[in-house]
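The first chain written gets the first letter, and so on, giving A, B and C; residue counts start at 1 in each chain.
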Amino acid sequence: MNEALFTANNLWLLVSTILVFIMHLGFATLEAGFVQKKNVVNILFKNTMIVAIGLLTYAIIGFNLMYPGMNEGGLFGFSGFGLSLPEGDPIDYASGNYTYWTDFIFQGMFAATCATIVSGAVAERIKLGPFLIFSALFVAICYPITGFWNWGGGWLKAAGFYDFAGSTMVHAAGGFAALAAVLVLGPRRGKYTESGIRPIPGHSMPLATIGVFLLWFGWYGFNGGSVLSADPMGVSLVFVTTTLAAAAGAVAAFFASYVLFKSHDLSMVLNGILGGLVGITAGADQMGPMAAILIGGIAGLIIPFSVVFFDRLKIDDPVGATTVHLICGVWGTLAVGLFGAKAGLTQVLVQLLGVGSIGLFSFAAAFGIMYVLKVTVGIRVSEEEEIKGLDMGEHEMSAYADSPHSDQLSLSVH
Amino acid sequence: MNEALFTANNLWLLVSTILVFIMHLGFATLEAGFVQKKNVVNILFKNTMIVAIGLLTYAIIGFNLMYPGMNEGGLFGFSGFGLSLPEGDPIDYASGNYTYWTDFIFQGMFAATCATIVSGAVAERIKLGPFLIFSALFVAICYPITGFWNWGGGWLKAAGFYDFAGSTMVHAAGGFAALAAVLVLGPRRGKYTESGIRPIPGHSMPLATIGVFLLWFGWYGFNGGSVLSADPMGVSLVFVTTTLAAAAGAVAAFFASYVLFKSHDLSMVLNGILGGLVGITAGADQMGPMAAILIGGIAGLIIPFSVVFFDRLKIDDPVGATTVHLICGVWGTLAVGLFGAKAGLTQVLVQLLGVGSIGLFSFAAAFGIMYVLKVTVGIRVSEEEEIKGLDMGEHEMSAYADSPHSDQLSLSVH
Amino acid sequence: MNEALFTANNLWLLVSTILVFIMHLGFATLEAGFVQKKNVVNILFKNTMIVAIGLLTYAIIGFNLMYPGMNEGGLFGFSGFGLSLPEGDPIDYASGNYTYWTDFIFQGMFAATCATIVSGAVAERIKLGPFLIFSALFVAICYPITGFWNWGGGWLKAAGFYDFAGSTMVHAAGGFAALAAVLVLGPRRGKYTESGIRPIPGHSMPLATIGVFLLWFGWYGFNGGSVLSADPMGVSLVFVTTTLAAAAGAVAAFFASYVLFKSHDLSMVLNGILGGLVGITAGADQMGPMAAILIGGIAGLIIPFSVVFFDRLKIDDPVGATTVHLICGVWGTLAVGLFGAKAGLTQVLVQLLGVGSIGLFSFAAAFGIMYVLKVTVGIRVSEEEEIKGLDMGEHEMSAYADSPHSDQLSLSVH
């Protein structure tokens, strides 16, 4: 290792950080596109605040909890609480691939994505304040604890569990939390009626499409950065597997939804891409191109069936987050046992152990937090507000000011 | 060459790959913005599927066809069809600038752009299925064949033809295919009437503007990555010429359209930027700043005249793809003969030979495929569907669910 | 220094250039989201043209004016006016971190942002032509002059003034120019009435949100690129401070606007992020994480109060540009004196000198240019056009063609 190589490695992690950052805009636009017009400001507000809260809480406690021993400061304040810049040791170019600051900022960007997964599933009926409290607790405490089990060098890593960039650590964890939150919260009013399941279409397919492309774009940093260096073979292989899995997810979801619904459903294709991406994430560094196509393709096939399945169970998830992140995350994690470097029954069982333990913890923690919030401050908006829309109810503004309520709105001050 | 330099070179090609990827979102939003509200889901669906299909077909056959000899596997399956990761040779840092995986993924991202060019020109009246079949064949077979002629080391390269990043190889090839497709397909109903040419305005200028900025953004990877290394002089010069050509295209189109139409036409300025970018692409690595301004400026000047010209010929192209990609692509290719490193009559003639042969092949192949599809499965939606919109006709959903048909829509399942 | 390190450093500046480029799309979408539906084409048109004009004028005169002595050519034409590519000296890898071309293109992308700041403040009532003339003059002459004072090695640098990436040099300079322009231009009709301040809500919160996320995204290049190398410690620290300041700005603006208005105001949170980013920009390379949180947090707290303050003074700024760029820019510059490497009273006074001199020059120059334009060609659209909207008045098109005037519109030709 020398200075130039260290610089290139560190640079790639910083670029990956930016790419993961823009995934938050991807989530914001995807979820905004999939909700009704009357709840758009609310979902944008939540997604914006989650990024900010997630980064701050990760700085204050999450990073230390997930990677103990990385800093002298104990549990809180990843570089102390002084205002002045701490004196850093000179970089030892011979060991490591990136600076301490790079490590923190890359991990911090990752952390907030976990809570963002939940926001889509509980959209259109959750109260703003309790949701933000839930997100802060989940990012600050739950995600770092399960993160420590594997990436921080804990017991799951020791057991041989492998999850390259987070099919389980991030996506299924977020998906299990979303499932718990939806169960505590209940479905949107009018979704499941005596006469059947009422479709509630999203208000903007362009926004949803922008969201999926931005998520795909950012995933090159999410998976590519998880190589933790700019190693040419490592990163370029991850790019190939990530890309082909996403493409296969789209094509498989296209066919599966055509067979199932006899129509060309854009939202299924978009979720097929995301399913493929979530699926390849656990083993993106150890699959050949054809295995990547297979993994992504199966994820895409699962999508429409899973969406129907959750709907039959009256688990109301406006954006399909449980399908994309939980189901495809579990599939991708198991696929490492089927096609990965150490494929075999033992690896499959270890992968199941990882999925089970992290899923159980995330589900239980999210259920617990949501339940306590429900019986104390309440987590659900009033029936009147849900019908009128959360934009007027929680924010006194509309996403599109030419809408009927525009006379009551304000850009800035009243 | 050493490991650090190899790593930096490889990294830039991977970053360029991501930038070329986001051009697909640029095309999707640009074309969505320029079509009518009733056809938005359809154009988003096509642009999403093209990326996926283009990448998969390029993996299965396109890459091998375009760069024969790069792999042992013959025509199909660029790294074999085994599920496990092929054993790679250790990288020889002393030769080459990037890995085999990087080579494939960068080229694969390029390939799909060619078919995307066509999708805008045939928008608002083509059937979904036949269009996807056309795209798959064009990306899998036609583009790699002409690509081989030059970039793969074929006869055009031997003849001295120069096309740095694809003014002809990608843009004019796609533009000629678009022209052929439009001729087989015919104009939109009601566009050319006895009382004159009826303007059909696009439904969202913000979407179109987002599209052009994303395309410009991605073009830094398209042109900059075509240096095929991170060579400081090479890439930075390409950035300067690409940027100044785009800027000059905007300003020239601004003035030309003001002179022609006496109004400040945003769509002309947007297409002026794209024209400048397409124009500089063939010689971005060998122009000085003033030549870049001249090339981009002339491309921008051409835009409004060319749009009027095609409209007079009743060649109906909703987004101006033939103007931007075909006309400005030809101009940029010839400009290499006028201002490039080997400027002179001989080079101009060789450039003409390249444009002519690739144009003829692309036009003929696209015409043939479209014609066969027309007389077999049919390529045009019914009159009723065209009037009602392809979103309801092909997808049973609307792009904006508050539109009149929202009660018939479904986000996910029926 | 060696070739590999030079390549990595140069690469980061080129990537930063792309990131700063996409900030222009951020400004375009942010401002488009915050204006009324009838003025959307106009604001998109202006933001698109500013980029193009800014880059061209910077090539012709701005770069030479700001960095005299960098080239032989005198005041004009940064690499001469010949069409052929100038013979470059071979790169001396032992000195410097980037090529001459990289230097120009990174600085050129920066320059245009300054004029873009103004465009939001004067939106919805300024005439297109005079605004473009103003922008061209400001980018070509005013910004390079103040830029030279500090970054070009002029008297402010000699005095010890420190502004890392431009809290004052770019943001407050643009903000002071915006203030001057608004004072010459006057408020929008109907904004300040006898019965009080009438809120005029923006037409699309999704567009505004996209804008802020893209600006945050691009800011990693704006601040990170200002390290002028890929130095691992330098760039990664800048990433940490920039990120935490933005996050703190969001959270602080959330609380401050809740206290002030008793509602969850998305536009305040979005401007809080921008305020935090502007605030940290002057000292992003020399703050610890906690100082960054403090600086960004105070910037966020300021936002709602400053917006109310300007509104009370009847200074009508549709997007809050004076608050975000002027006020937070001044705060960030002073914060360098409070928490920076040379914190102390002397540094505070020097920072005040810098803010004062640059603010005065920018204000006076902008006021002068606007005033001359006002008394000669006129800068304000007619009352009729302002009511009807600038899209129909200046561009004869509507941003959304399903709007009432769609029958009068044209995508391309009439």
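Remarks
Methods note: a contact is a pair of C-beta atoms (placed from the backbone, for glycine too) under 8 Å apart; a residue touches a chain by one contact, two chains touch by 3 or more.
Keep in mind that what you see is a predicted model, and the values were worked out from it rather than measured.
Under half of the residue numbers found at the subunit A and subunit C interface occur in both copies, marking it as a different-residue contact. Superposition on CA atoms relates subunit A and subunit B by a rotation of 120 degrees, given as a multiple of 5. Averaged C-alpha coordinates put the centre of subunit A at 32 Å from the centre of subunit C. Counting only residues that touch two or more partner chains, subunit A has 4-5, 7-8, 11, 15, 204, 210.
Subunit A meets subunit B in the complex at residues 2, 4-5, 7-9, 11-12, 15, 19, 34, 36-37, 197, 199-206, 209-210, 212-214, 216-217, 220, 224, 230-233, 235-237, 239-240, 243-244, 246-251, 254, 261, 263-270, 273, 286-291, 293-294, 304, 307-308, 311, 318, 320, 339, 341.
By the touch criterion stated above, subunit C contacts subunit B in their complex at residues 3-8, 10-11, 14-15, 17-18, 21-22, 24-25, 28-29, 32, 40-41, 44-45, 48-49, 51-53, 55-56, 59, 77-86, 88, 91, 98-102, 104-105, 108-109, 128, 204, 207, 210, 394-402, 406, 409-414.
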